[in-house]
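Both of the next two complexes hold chain A, though its partner changes from chain B to chain C.
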Partner chain A sequence: MAVATATKSTGNRIARPRRNGLERQGRLAFWLLLPAFLAVFGVIVYPMFRTLLISLFEVKSAVATVTPFVGLDNYIQALSSSGFWSAMGRTLYFTLMSTSIELVVGLVIAWLLNARIRGRWLLRAIVVLPWALPTIVNAAMWKGIYNAQYGALNGLLSQVGLIDQYQTWLSDPFTALNFLIVADAWKTTPLVAFFLLAGLTAIPHELYEAARVDRAGWFRTFRSVTLPLLAPSIALVLVLRTVEAVKVFDIVYAMTRGGPANGTQTISYYTYVTAFSEQNYGLGSAISYLIVIVIIALSALYLRLLRRSEMSLL
Partner chain B sequence: MKRKTVATVATHAAAVVVAIACLAPLAWTLLASVSPQSDIVARPARWWPSEFFLDRYAAILLDADSSVGASFRAAFMNSIVVGTSTVVISMVVGILGAYAFSRLRFPFRRTTLMIFLATYMLPQVALLIPLYLILSSLGLLDTTLGLILVDCALVVPFTLWILSNYFATIPADLEEAARIDGTTRLGALFRVILPSARPGIFAAMMFAFLLAWDEFMYALIFTSTDNAKTLPVAIAEFAGRYTTDFGLVAAGGLIASIPPVVIALVFQRHVVSGLAAGAVKG
Partner chain C sequence: MNTNRAVRRSTAAVAAVASLVLTVTGCSVTGVTAGEGSAGDGTGTVNALFMKQAGYTEEDYAAIIEDFEAEHPDITVEPTFVSYEALHDKIVTSAPSGSYDVVLIDVIWPAEFASKGIIADLTDRFPAEWEDEMLPGVLPTAEYQDRYYGVPNGPATKFFYFNRDMVAAVGASEADLETWDGVLDVARRIKADGLSEYPIAWSWAQAEALICDYAQLLGAFGGEFTDDDGKLIINDEAGVAALEWMMATLEEGLSNPASTTFLEDDVSKAMAQGQTAFGLNWDSTLRDLQDPTISSISAGVLPTPVGPSGERPGVNGAMAYSIGANSKNQDAAWEFISYLTSREVQEQYIGAGLPNWTDSYSDEELVATNPEIFAVAEDAYDASIVRPAVPNYSSVSQIIQVELQRALLGEKSAQQALDDAVAAANESLEG
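Up next, the complex of A and B:
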């Protein structure tokens, strides 16, 4: 009885300061988040709002003095141009191919990095290298590998006897796009592998023990234990990589400049050309908003996946 | 038993294939960078240089008269300045914010975090025009300070996210014990949370540095001279100008890769545990 009253009275004593405490916590949170807020909103959200305004005007030069309001004309112009749709199509192809390659190969590598093999530490150190290589250096390296005069690919294939003559690999638009995907996947697959490895290491060992006790085979264990528990990591990696792939620009710029015959012109590159080479800022801004819509649509799709797999970002 | 041996052999074979796939392109590039031009263009292809030719490294690193070397060295210094500053700022900003997200209760906590993370979905190309105008009106075009500012906004959502997840896995009891002893919240953050969040901090630092070192589009548009140009822009120019001299591009690219490669090798041990916090439901 005495104990009960004691706890009750302390409970009352805490109750009042607690409301204050919540207010204090809110205030502290505000100050702690202010720097992040300033950085992200000043440099991303506010400029994004200005881009929205620019997209509603006809701005055809950096020093244009006459910039008439045109409403949604820029959006209509973008949506009715074939250049926009083919760039969008190439981007979605790039996204689909590169994320699938990265996911499948990344899963294999993650599994290897988690397996009991000799020299696992060495394999980890080797796998991290492509990821650490700067994108522009990666692009220059693969441009060299594919080169028609001295490239390693030509050297290797002709010595093995698979080709008679050195090929100009990057002269066919579709081949160039696929080779770009290989170069991109080579660099980003390790990143995917490390994210998946993080997910693999979080799976409790007992579950595998249980699977072994049940005499579940390799595939059965993978399907019933690994895959469901890895689903949050897979969904996360899918979102990250899809967003990156839809935005892809650097490797295109450094490897092909969108060529040949615009065959590797992704949507970010197309926007860049429209806004900066053709100096059509209004149209460029409108296209960049259309990219945002595509990214949000794809992400919403994945976020449904995330929710279904009960993934929480925090 | 026999089946197990087959599986072990297959696993090791797969590991060797992965290692070769990762190393072969790099090895070829490294060898090209120390091969004389006649070896690079030789047919059939020469895989091992007839002599080790280090003139390109000397021109890039040492030659005072070479304009290529001078602007490469300037770009290297700019990248160091931009990279380290971006890491320091975005780690401090990220640690403070992550403490708020993982330890404090306030309205719209989850929504706020989601908004921060969602900025990652916006394409950089959409921000170029207004950022150019803003930087120009502040007199920050072609300065490292301007680049640090825009790079931090790219990196902060990442550090916030990795650190919030990691802080959330640290038991609150530790901190409460310290606070009962009279330590303030911030004191507890520095004395209790940070020391036990080391893997998360290292993972966030590695991500921040790789992102900042890799950033290309802002540097391409917002810088124009050796004053602020970073390595990715310098290498892209290199590769555009010296299309026939692959050895030179390779040498420059490999030197430019040393800092991120060293950091990745040193910190990679922590990446998995640092990210694992986000992989399980926190």
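Up next, the complex of A and C:
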């Protein structure tokens, strides 16, 4: 690493006279970026470093003075606890279901919004509304919709005669998890739709015309023109949404607080409970890093799949 | 290229300096230490953390603070309110910075907060005469290892609330609600008459509220949380019987199935809207149920019903005001706490909670202001059931909450759930 840097800088030093303007520009850019960098350092880099450090120690109080070094014990403890694995399992289910729903529904919405219809701008504005809601408001709203006593869902289903008495939607652990997924998907589908819409509008119209000339059907056009050209947008949205879904915390906190019977306790919520409710900061930090590893692995997988699909198209 | 290089080089430099700073200051891995608090000069701002739920309302606190500031012009009190469910974590996360001088703590937290250096030891400030003047059951609310870590905010337990009209409509009386068997009998009649689909509501969500309801039933069935050695024993006969009883009321449709998603506030709302006839709830609930802007029913209150053991211990749910260990204004904080818990203030806000002071209970004029609560208080505070006073109570409680819910949701038998809870909790107690 050091050798490479040295060689590079030597190379640059020779080129300096010609690139003096650029050098000055670079310096200016550095000073302009410095405040942002310091902010990022303060709220991301430093906490990440501190968390890594804490994950190697036994820290049982926010104001602990005795913090013995335990090496990788916290990681081993996390990986050997059943609570960790069941929370991870629930999180992966949440991620898989919510991103699938968002992708499919988002694609349909994007496709509809891309159609040349009158009042398209109004439709686009309406579709973005759920995304504009703060998660906490969204959670409170869905909590109201699912309410067992006066919820809109119970009202609707009983009025159309699908249920004869009000149901307690959030009292069964697995059902509650699924209802949480619906609430989350409702809010984030617009984001996915807009990403895909941007991708759709970027597809040159000539390609569709060419497809028409070749008498390609709707499905064939979608498979051979739309999907491949949309692939980068899909990959981007998948990575984004997967990372977000694995980290899901706020909607759980606001709607179910992990209950009933831990049925909606996702890995981030489990981390929070471990670190703050149970005051086991070392273990909580270790779990945070394990989450990071999962997220990096998933993202790498997506990107590799994308690259392979791009290669196969060439 | 050069831009990149410049940025990269500078980045490396900043990172190196930062690492150095971290290494130099990083004698503690968390970057903070306990014992940074100080007495202060008795003036300035006191930041106080309260909860918005049972007890004093935000308006009550605002009025108390106004009066206090009038008496102490050098001190300003800045209150912050969070829900009970967020209180513990807020206290813990704000502890290092000492942001809150006064914090309201629950009776289950002194062991944890004191042993972890989150709240200050107030024993030296605690006037000796208070030990004689306070109710003996209230005094130890914030006591840990013979030291005082807070000043109690009066006794608190869950009482039995009922809808007078529904009970009268099925020809029952208060006497029929003396025992849990009697309650179930009246509930059956209310259900049969179609007055309420589910006559009893409980706060059985995955939260501390579930432990409080269970505690009271555990007591009614003659059980205890721990044995003399501090080991959890809720999987014994009484503990299992109490949980089986809870499950049976759900199965029979007497308890609202939504109870497993309810907190105390939901129970109070279900009662206020006339959807349910019975519910256990804290002392200040009567104030809400009798407030015509909130409640449409005529509510009555009784001590918690007697169970098969012939006993009716209420769960000890008292709270206390403590001082953050890292607070830099502890003298002023103490001044405020002393005022807040004084006999005059507690008696003035009698509708929000009962006083600490023994003499208040023989003051006939005062008793006349809230006769229903005073009438049941005597019985309820006579014997109370306490939750384990251990430093890792939060972990133990989480374990019990989840296992109780697994049984209530039909995933496990009562015996199995409690066996699992005891095994996991005792492991946590040792660890």
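Quick note on the criterion: the second predicted complex is superposed on the first by the 285 of 314 C-alpha atoms of A that agree within 3 Å, B and C clash if a C-alpha of one lies under 4 Å from a C-alpha of the other, contacts with A are read in each partner's own complex, and residues count from 1 in each chain.
Here, a residue touches a chain if its C-beta (ideal position, glycine included) is under 8 Å from a C-beta of that chain, and two chains touch if they have at least 3 such contacts.
As the structure is a computational prediction, the values presented were derived from the model and not from experiment.
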Touched partner set for A:262, first chain B, second chain C, both or neither: second
Partner chain(s) touched by A:25 [first = chain B, second = chain C, both, neither]: both
Partner chain in contact with A:149 - chain B first, chain C second, else both or neither: both
Which of chain B and chain C A:210 touches, first, second, both or neither: neither
Touched partner set for A:236, first chain B, second chain C, both or neither: first
First (chain B), second (chain C), both or neither touched by A:50: both
Chain B versus chain C as contact partner of A:254, first or second or both or neither: first
Which superposed partner A:76 touches (first chain B, second chain C, both, neither): neither
Which superposed partner A:170 touches (first chain B, second chain C, both, neither): second
Which partner reaches more residues of chain A (counting touched residues only), chain B or chain C: B
Contact residues common to both interfaces of chain A (with chain B and with chain C): 22, 25-26, 29-30, 33, 45-46, 50, 54, 149, 272, 276, 281
For the chain A and chain B complex, residues of the former touching the latter: 22, 25-26, 28-30, 32-33, 35-36, 39-40, 42-48, 50-51, 54, 108-109, 112, 115, 117-119, 122-137, 139-145, 147, 149-150, 152, 154-156, 158-159, 166, 186, 190, 194-195, 197-199, 201-202, 232-233, 236, 243, 246-247, 249-250, 253-254, 268, 271-272, 275-276, 281, 284-285, 288-289, 291-292, 295-296, 299, 310-314
Chain A - residues contacting chain C, complex: 8-9, 12, 19, 22-23, 25-27, 29-30, 33-34, 37-38, 41, 45-46, 49-50, 53-54, 57, 59-65, 67, 148-149, 165, 168, 170-173, 256-262, 272-273, 276-279, 281
For the chain B and chain A complex, residues of the former touching the latter: 11-12, 14-15, 18-19, 21-23, 25-26, 28-29, 32, 40-41, 43-45, 47, 89-90, 92-94, 96-97, 99-102, 104-107, 109-110, 112-114, 116-117, 119-131, 133-134, 149-150, 152-153, 156-157, 160-161, 164-165, 168, 185, 210, 213-214, 216-217, 220-221, 231-233, 235-236, 238-239, 246, 249-250, 253-254, 256-257, 260-261, 263-265, 268, 271-276, 278-282
Contact set on chain C toward chain A in their complex: 1-7, 10-11, 14-15, 18-19, 22, 26, 28-35, 85, 88-89, 92-93, 95-96, 112, 116-118, 197, 205-207, 256-258, 260-261, 270, 273, 275, 325-326, 392, 394-395, 398, 401-402, 405-406, 409, 411
